[in-house]
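Structures incoming, each one as structure tokens.
Below, chain A partners chain B and then partners chain C, in two separate complexes.
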Partner chain A sequence: MGKILIVDDTLFMRTLLKNILFSGGHTIAGEAGDGEEGIAKYKELKPDLVTMDIVMPKLNGIEALKAIKEFDPAARIVMCTAVGQEQMVKLAIKSGAKGYIIKPFQAPKVLEEVKNVLAS
Partner chain B sequence: MKEVPVKIHHNNEWIVVKLGIGEDRIAIPAPVSKEILFKTVADIAEKKNVLIITVKTDAETVYKILSVEKVLQVLKKLILGSCNAYRLMAYFMSPAIRGGVMIKDAQWDKGSVVVVRSGIWFASATKQICVPVNDVAAIELTKRDVQGKPTDVIRIDHLESGEVSSSLVLCPLSTLQVLYNYLKDTTKSMDMKGTELDGIDQQVAMLVYSGMDSHAIENMLNIPHKQLDAVYDKILNLGLGEVVTIRREIQLTTKGVRYISDATKSQTN
Partner chain C sequence: MSEFEAYRGLFVAESRENHENLVKNLLLLELGSYQDAIDEIFRSIHTLKGASASMGFANMEHLCHSMEDVFQLIRSGTAEISPELVNLLLACSDLIEQMLDDVEAGGDSSSKNPAEQVNALKEWIEQRGGTIKAKTEVPVIPTEAQPPEEPARDIRTENCVEYGMQITVASECIMKDVRAMLALGNLKSVGTILSMNPTMEAIDEGKFDGRLELVIASDAGEEALKTAASGTEITEVVISPVKKPDVVTANEVPGSLKKTETDKKQSQAPDKTREIKNLRVDIHQLDHIMNLVEDLVINRGRLKQIAEQHKIKEMDEAIGMVDRSVSELQNLMMIIRMIPLNQIFNRLPRVVRDVAQYDGKDVDFFIEGGETELDRSVMDGLNDPLLHLIRNAVNHGIESPDSREKAGKPRKGYVKLSAHRDRDNVIIELIDDGAGINVDKVKAKGIERGLISAEVAETFTTEQAIDLLFQPGFSTADKISDISGRGVGLDVVKRSIEALKGTIRVETNPGKGSRFELLLPPTMAIVDVMIVRINDKRFGIPISSIVEVANFKRDETHQIGKGEAILLRDEVLQILWLNEMVGVSKSCEILIVVQYQKRKCCIPVDVVEGKQEVVVKPLSGFIGNTRGVSGVTILGDGGVVPVIDVNTIV
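Our next item is the complex of A and B:
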């Protein structure tokens, strides 16, 4: 079980992910509504894993991922991308993301992916 | 003809016969006594270990064949290669995504996509996967990275044992467009305008999709049970959902109140 930071600009998605992760026994370290806040919260909270939305205001998920990886190369980040943005996944993986989930997602699969990434 | 033991559904019972398998036909011995040319097969479906074949000659006849996977695989391969269907050579990846998570070791298979009345089959030398038309949730022309290049593919979202999976089909763009139109036409009974659900309804549907129960949905959206019930009714009436469990709310009768009062007394004494 891990301490997880959720970075997503929509409250609805953050709440959904929080519920899913909580039901899987994980602790929610914190939430952030954009990339900049995500980086700041990562440095402050040092979570075991981050779920990172890609399309966000201020700083997008890919840029936030790069900044976090620069700060902590061992950071475990799972990207959340909407259907149709699969192209972004490759860029995210190149930039150091450990996993990815595509919205809309189903709870058991999200937990499975988080478990795999935490074990990596 | 090679002969293999199978069970055939005949006169409301399963009977054991030695099925003859040839290159272009199968022969079912007595008491069925029927030879089926693969080109007369109008539909093929699979449920667990039963292959359901619809043969169209003058009339339509349905045959159900029960056997082990090895035998069914041979039958599926032969029938899918020659049956009366829309068929094209393509690369496919099935499933490529399951429950929103990409399958990391998923590979492109070289084979064919065979569209029959009841489903879409992905068939290669080693596997035959059927997506029933009724389980198709979405069909979309999209792009996918193939050998480093963004390439046009068709993504088919479908339900698989209660999970939403996506399969991908890759072939030349002109063929892809024809296949896309054909698949859209085959599954058009499932099409909707997209305006049937309003904001809150869509959020509820999304949460149901993600596996949240009614209690979690009420808490997450901060809506009362009655409102959620109304949204559920809307979703059910549109045929977008089905009832899994009915949660009951009860109030105590006089007898119940008396029971609880007595129980409380005995606990405090």
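Our next item is the complex of A and C:
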């Protein structure tokens, strides 16, 4: 069970994800609506894990991931992705992402990935 | 689906924002603003797609997906932006909006078939000879930025053992190659990969069937390597040493030590809970709160009276405190109900574009002051009239590029919509640099329509002629177009604005353009009324329509036909007895002169009690429309008082 920061530009996705994570017994450290806010919230909240959307305003998920990794190389970041974004996810993994979940989210898959990444 | 019911409202609200952003940026794209617009478009369509997929709205997802394909070609520079393409994409956006309407009404977008639009999009792609290159993403991120590799573990070669590993990724995994990369990434943190099949490059290119073989040198031990390679959707990890180690020490997995350290740090960190700065509230709930606040205002008044009657000092003081809170609450509610005009302004560039294109006109459209706020109830009634005025400005106001050139004007027309707050009012102004209103044509039409006689028309001033435009059934358009004269005339616009307690004014300069000015109250909920008494019954008359309060001398009235009139300041004013409502009063001593547009008349009353700010509640449905009464208000003493609707009785 971990403290999780959700970074996504839509309240809809954040809510969806939040409820899935709640159902898995995790706590939500916070939410951020864009990459910049995501970085700031990470520094402020020091969550155990971050779910990071890729396409976002201001600063996209990959750039935010890099910044967070620079601040804390041990950061556990799971990318939220969609079919068709393979290249982006690969880029994210090369930059230090620890996992990925695919939209539309399936609760068991999300929870499994979060559990595995938290255990790593 | 049912598990997603809870998200429906949120889905619709956010998708509407994305839809609006999509349309806005499509228009910018057409105007030539490229990079930012396409990025925004991508983000919006991507979000729409993801959200609809999450909700299981297959039709909507399908449509968004097809649109995304086209946007990819645009972004990669393979496709040119043409008006036809923008038309097609806007038509698709319209369908998305219809789907959202459907979803909002409880549907799942399946009633809207996107096949036609999807085929048109496909056809367009094929015409470009473009195949949607198997999802070749155009990277948003510059690729040269090589990510810092995870710091490779310092390997003390003397302790290292070489292992052969076989990793199998689940067959149902959607991104097998990505899973393999994750496993490799984790392995790299505990050892050095000496060889692998397929190669890293092949995996990067997506050439991966789910089975990975590699040789790794590590001092971490078999278990640690197995753990590192395992993970979500990894079905099997087989490991066996290739070379016997000199010394085997089952070290701890380095990661696990680190974890306990960070855990400690976290538990020391103050647990700051997230601050929620905004939240969405259902508008009906807000209306309900507003009603409750109004009830509170009324009951506060009753309490005050009781305290006065019984002369209870402590209660009086307590009510004074309640009074302040209630007033503040009331003010706050007013502020909460205010929304920026951008809510409707943002939709208008699209309207201008469509009308201009339909009419073969070229128009620059500007918006200013969209942040000006209005009460939601005013906003609701403003949408249609504004839409109509904008269509009118482009359709009837702006000339064709050729005639503009002939008249020595730039080929491109200019339309500006602006809004600002002016003391107690919000002023919305619509300016165009078109042909202006042709007064002679208006007069001729007025005669033709039988609204005025030829003789009267002769004597008409420009202002009077313009007034004709607002008469029911008047339209100067030569033919009813698809765009503006949809049977709705300026008379409807005027009535709608007046229903909002606003006014509309027109100025025109032949050959130079027109200016429409809407003057609106920022809120309708609270009205300043004069409380009067006739036959011991009380009425409210809106202060905004009162022009004068005068003494009433019964012997100065004159019988004209069936009605009665009085001469006041050299003006003959009709007397409007409210006998029907209150019965005959013999003691009327005061005349309230009211005005609607240019018509004045006077209402005799017994007593004027004073001025008061009141909350006017509309009459409920079963009473129906009552001519002369716009609603009722409840005064502090609990008395229900009708408020007179001057517009309908003058």
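What we mean here is this: the second predicted complex is superposed on the first by the 120 of 120 C-alpha atoms of A that agree within 3 Å, B and C clash if a C-alpha of one lies under 4 Å from a C-alpha of the other, contacts with A are read in each partner's own complex, and residues count from 1 in each chain.
Please note the rule applied: a contact is a pair of C-beta atoms (placed from the backbone, for glycine too) under 8 Å apart; a residue touches a chain by one contact, two chains touch by 3 or more.
Computed from a predicted structure; not experimentally measured.
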Touched partner set for A:I102, first chain B, second chain C, both or neither: both
Chain B versus chain C as contact partner of A:G30, first or second or both or neither: second
Partner chain in contact with A:K69 - chain B first, chain C second, else both or neither: second
Partner chain(s) touched by A:M1 [first = chain B, second = chain C, both, neither]: neither
First, second, both or neither for A:V89, with chain B first and chain C second: both
Of chain C and chain B, partner touching more chain A residues: C
Touched partner set for A:E112, first chain B, second chain C, both or neither: both
Partner chain(s) touched by A:A40 [first = chain B, second = chain C, both, neither]: neither
Partner chain in contact with A:L16 - chain B first, chain C second, else both or neither: both
Shared chain A contacts, counted only where both chain B and chain C touch the same residue: 12, 15-16, 83-84, 86-87, 89-90, 99-100, 102-105, 109, 112-113
Contacting residues of chain C [partner chain A, same complex]: 7, 10-11, 14-15, 18, 40, 42-43, 46-47, 49-51, 53-54, 56, 135, 137, 139-141, 143, 145, 147-151, 174-175, 177-178, 181-182, 185-186, 204, 206, 228, 230-232, 255, 258, 262, 265-266, 269, 272, 274, 280
Residues on chain A engaged by chain B in the complex (per definition of touch): 12, 15-16, 19-20, 83-84, 86-87, 89-90, 99-110, 112-113
Residue ranges of chain A in contact with chain C within the complex: 3, 9-13, 15-16, 28-31, 44-46, 48, 55-57, 60, 62-63, 66, 69-70, 73-74, 81-91, 93-96, 98-100, 102-105, 109, 112-113, 116-117, 120
Interfacial residue positions of chain B with respect to chain A in the complex: 97-102, 140, 142-145, 150, 163-164, 203, 206-207, 209-212, 216, 220
